[in-house]
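In the two complexes that follow, chain A is the common piece, with chain B as its partner first and chain C second.
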Partner chain A sequence: MSRKEVVPLLIGVVLVVVAALVPYVANGYWLSIALTAMMYIALSTSWALFSGPTHYISLASGAFFGVGGYLVATGMSDYNQSFWLMMAISALVATVLAGLIGLATLRLSGVYFVIFTLGLAEMIRNLVSWVQNNFLGSRGLYVLTDFTEAHIYWMLLAVATAVFIFGWLIDRSRLGFALKIIGNDETVARHVGINTAWTKVILFMSTGFFAALVGAIIAPRYSYIEPNLVFSPELSFLVVIMALLGGTHRLWGPLVGVIPFTLIWEAISIWIPNFTTLFLGLAFLTIVYFIPNGFVGLFEKLRAKSRSWQ
Partner chain B sequence: MNVKQTANLLGQVAARSVAAVVLLAGLALNAHAADPIKIGAVAPKTGPLAGGATVTQWPNIEMWVKEVNARGGLNMKDGQRMLELIEYDDKTNPGEHMKAVQRLATQDKVDFIVAPYGTGFNVAAAPIYAKYGYPQIAVSAISDKMDELTSRYPSLFFTLGTTTAFVNGVKDILVGMRDAGKIGNKIAMVNVADAFGIELAEAARPIFKDAGFELVYDKSYPLGTPDLSPIMKGAKAAAPDAFVAWSYPPDTFGLTEQAIIEDLDVGAFYTAVATCFPAFGQKFGSKIDGVFGAGGVNPDTDKMKAYFARHKELTGKDADYWASANTYVSLQILEQAIEGVGEVDRNAVTQYIKDNTFDTIMGDIKFENQVSHKYWTVGQWQDGVFRGVASSNMEGAAEIKEKSGWN
Partner chain C sequence: MDILISGLLLGGTYVLIAMGLNLQYGVARIMNLANGEMIVLGALASFWVFTSSMVSPLLTLFLVAPIAFVGNWLIYRLLLVPLVRRAKNQGQLEVDSILATFGMSFVLVGIVVSLHGEYFTYSFLASPLSILGTTVALNRLVAFAFAVVIGLVLYLWLNHSRAGMAVRAVAVNPDSAKLVGINVLKVSALAFAVGGAVSAVAGVLISTFITLDASVGVIFTMKALIIVIMGGVGDIRGAIVAALILGLVETAVATLIDPGLTLVSAYLIFLLVLLFKPQGLFGRAQT
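This part shows the complex of A and B:
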């Protein structure tokens, strides 16, 4: 490994250690904010691994998140299975689901994919309700565990770390190289012999896997699961906006989008509670008109400018 | 100025500063005695549950704080203390809800918190209430898992009843009408395909069957569906004697409207949540005379009459004919427990709630294993008022009125 690679790795290790210590210093309130931020760091970073290089905007995070939360709740509440088993099953189910969806839609051009993923969470929510109503019945799904917020936070940190390691490995692999070529010009990629459909499907499956894991981990925090609470379209939009705000062309880009966004969101919730949706819109306009490459792009542009003056 | 003079001067300054600090501290102490008691509240003001919360939850909190402050505050050991309300919108999102409760507990450092609105939110927030020792007197939470929940969370109380109790309330009414020869034994049942509706329909199937009823129609519809006419047409075609809908607020209105359009001819018509809302009565007027719904009140007691009048006067809104009163009762219990203890000691207040009987607008309330068994289960619209006709341990149930068409 060259020095250029060791330094970011060391910074990463230090950041993970610092993040792991948060529950020891933060009180309940700040921990719950850190938990929310950690959830979106994992979701947005994993989202950006697929959408960053391919430019396919996926609004399916809410669907996979919901699959994770809902399966954990059903398994624990109705079938007395352990949390860990259900977490593994839900991640597997979401990965297979993402694979099927990917195969069906990723051969299409971008806009069809966006529309399909937008409807996906709603479709799965209705499907789940239909199955529950006609075959399973329901007595209310309770996820009662002894996990504290600190435990849930650490689990999310572990998932986020795994996303970063996965992203780092992808970046160094043939797969990552293939993705970059697809992002630049899909026709060229096909002509040089890259199986573009499979490359995209594999990455899309990884976002399904991680989003379901996050949903599964959040389920004990919600304690009582209803389909319309876990299959939330708002979640899908928040993930996209936070990732774009940070910048998707660097692995750590979404990270610098999530943290300020979560803090501003919280401040608005306290001081002007009815303006969070307006803020969401403004953030989106800012991205489109002023910082198309996110904070990271802005930062890199400024640095390039200051260098050219020297 | 020599060294000694300087030292002297500094000494004087120091002495005066100390005096000033002591004086300030004294003032602060005095001020502390009259410090308000901070009450926190988190419930939906936006999102899917906001419609219910702005009828049932928020007006009662507003009313209670106004009332207590109008008489000078709560009577504590160190004199009267006013209430200060800090409220947050949870946007009907459990994650937001928990953040807001944490904020109340650790940033605003409130003394007590009004229990959340909705079953899911009460269950989700219970660990946080338990962690900080806040007594949580849940109202708008109906569950069949109360035993497990209360043994897990020692400061959690339930007041509105169980799923099974609600179904049994409806069954008892229907059995009574059948035995009196007013209806036959054919029931058409529909439910909203969402947690609450599915749960009630699941519980109802065996209960109705065991009571000797025949389900001639059993269908569900998705949450938020705008077109309920096929459901009502299907129910009518099955020629039932009674119609039961485990419904949510929007479809309670929708189904009733369709029943009027289709002129569904049944001896008993029941819709679940929101039948008790004043808006329901205002919308349909005399047409819904005789309609059954979840909840109910006994509006004839002096205390309830006074409650309805004060609710209208202080909040400008009409109380609903069910959980509004229960919500206010939960605040009365909290108030009496705080005054009974006489100081802001949350563990003592929780213990006080477990040990004592409370004088409320719904009569005396006492908790057995953190659950109160006094509540209405079925109400009926009778001449513009939604009266309780079936209950668990409530007095003053009205006679059932026979339904005659949709006029």
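This part shows the complex of A and C:
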């Protein structure tokens, strides 16, 4: 390994250690915010691994997250299965689901994909509610574990770290190289012999996998689960905004977007809850018109400018 | 028979929604995800005017249409043209316009919520009427009739007028349209504005028989998109057939299985289209 690779790696290790110590210094309110931020770090980073290079905007995070939370709740509440088993099953189900959706839509242009994922969470929620009401009896699902907030936080940190390691490995692999070419020009990619559809599908499956894991881990936090709670379309949009705000062309980009946005979002939800939708819209517009490459892009542009002056 | 008639009536309204989006996406090349919010705004206007001064929604139409036309024209000129200019290729414009219209959609929902957070409930022409043994509400029938008339006018305008021809030329190929002296930007703005006006009018009509609220816009956007894709982008004929199919299938599923599954059935259709006919019902395979 060269020096250029060792330094970021060390920074990464230090950050993970610092993040792991958070529950010892923060508690109650601040720990719950840290937990939310950690959840979005895992989701947004994983989202950016797929959407950054391919420019396919996925709004499926909410659906996969819901699959994770809902399966854990159903398994534990109705079938007495262990949390860990259900977590593994839910991640598997979401990965397969993502694979099927990817195969159906990723061969086509990006618009079809966005539209398909746009209503996905809502569609699955309708389906799940219908099945529950007609065949299983409509009752709430309880997720009772002895996890504390700190435990959940550490599990999310582990997932987030895994996402970063995954992203780092992708970046160094043939797959990552293929992705970059697809992002630049898909026709060229096809001509040099890259199976563009499969490359995209595999990456999309990874977002399904990680989102379901996060959903499964978050489930004990709510303890009472119903479809309306876990299949939230809003989550998908938040993930997209945070990732784009940070910047999707660097692995650590979404991280830079998640932390400030979580804080602002939290503040707005408490003080002016009626303003959240409007704020979400303004955030989208701000990103498109003023910071198309996110904070990272802005920062890199400023640095390039200051260099050219010297 | 019940299903057939109510399905066709529902499909008639879907035709109108899809036509609005088809003009915006097929001609102006903007995937407008705030389209459903135009419907909601139209419905809100109709609700307001009706409850405050008892003016028939059928008259409000003529007020809403020009306002929506100007509003959408401004949105295109002020917000979307910069994106068109900035985009290096069609793919980038698609991503940018999707994100920007998402933003607009949320802003509009936020505004509508602050204006009127509850359901837009009012009762207009809610008397029963019997057609071929099926009882339908009069308001549905009137809305359907208006949808047919508006659709027909739009069809004639597109196919038998100079402006309509320019619009169709841009829909086929913007670059070639430029060569024959068409101002593509101007025509796109026109198509976008007309599309928005049609959507708002559809909102007025829908609000007479469906109770709307601020948050349902996205459902309409979804359905309109599914119809446009099923019918083939830019293909009015295809959109009509697709809208009727969707209306029929949804009504059938709602009456025979469960009303909660309409979105699921729409998705099923969408999936089948994507798998077998992604270029639309009457579309030819792209080269």
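The criterion applied here is as follows: the second predicted complex is superposed on the first by the 305 of 310 C-alpha atoms of A that agree within 3 Å, B and C clash if a C-alpha of one lies under 4 Å from a C-alpha of the other, contacts with A are read in each partner's own complex, and residues count from 1 in each chain.
As a convention for this text, contacts are C-beta pairs under 8 Å (C-beta built on N, C-alpha and C of every residue); 3 or more make two chains touch, one makes a residue touch a chain.
Since the model is a prediction, treat every value here as computed from it, not as a measurement.
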Touching partner for A:Glu122 - first (chain B), second (chain C), both, neither: second
Partner chain in contact with A:Pro227 - chain B first, chain C second, else both or neither: first
Touching partner for A:Trp84 - first (chain B), second (chain C), both, neither: neither
On chain A, the residue positions that both chain B and chain C contact, one per complex: 126, 129-130, 133-134, 274, 276
Chain C residues within the chain A interface of the complex: 31, 33, 82-83, 91-92, 94-96, 98-100, 102-111, 113-114, 117, 218-219, 221-222, 225-226, 229, 258, 260-261, 263-264, 267, 270-271, 274-275, 278
For the chain A and chain B complex, residues of the former touching the latter: 27-33, 36, 126, 129-130, 132-134, 137-142, 144, 148, 218, 221-229, 232, 234, 266, 269-270, 273-274, 276
Complex contacts: residues of chain B adjacent to chain A: 45-46, 48, 88-89, 91, 93-96, 98-100, 102-103, 105-107, 119-120, 123-124, 126-128, 131-132, 143-145, 148-149, 152, 163, 191, 193-195, 198-199, 201-203, 220, 222-223
Touch list for chain A against partner chain C, complex: 55, 57, 104-105, 108-112, 114-116, 118-119, 122-123, 126-127, 129-130, 133-134, 233, 237, 244, 274-285, 287-289, 292
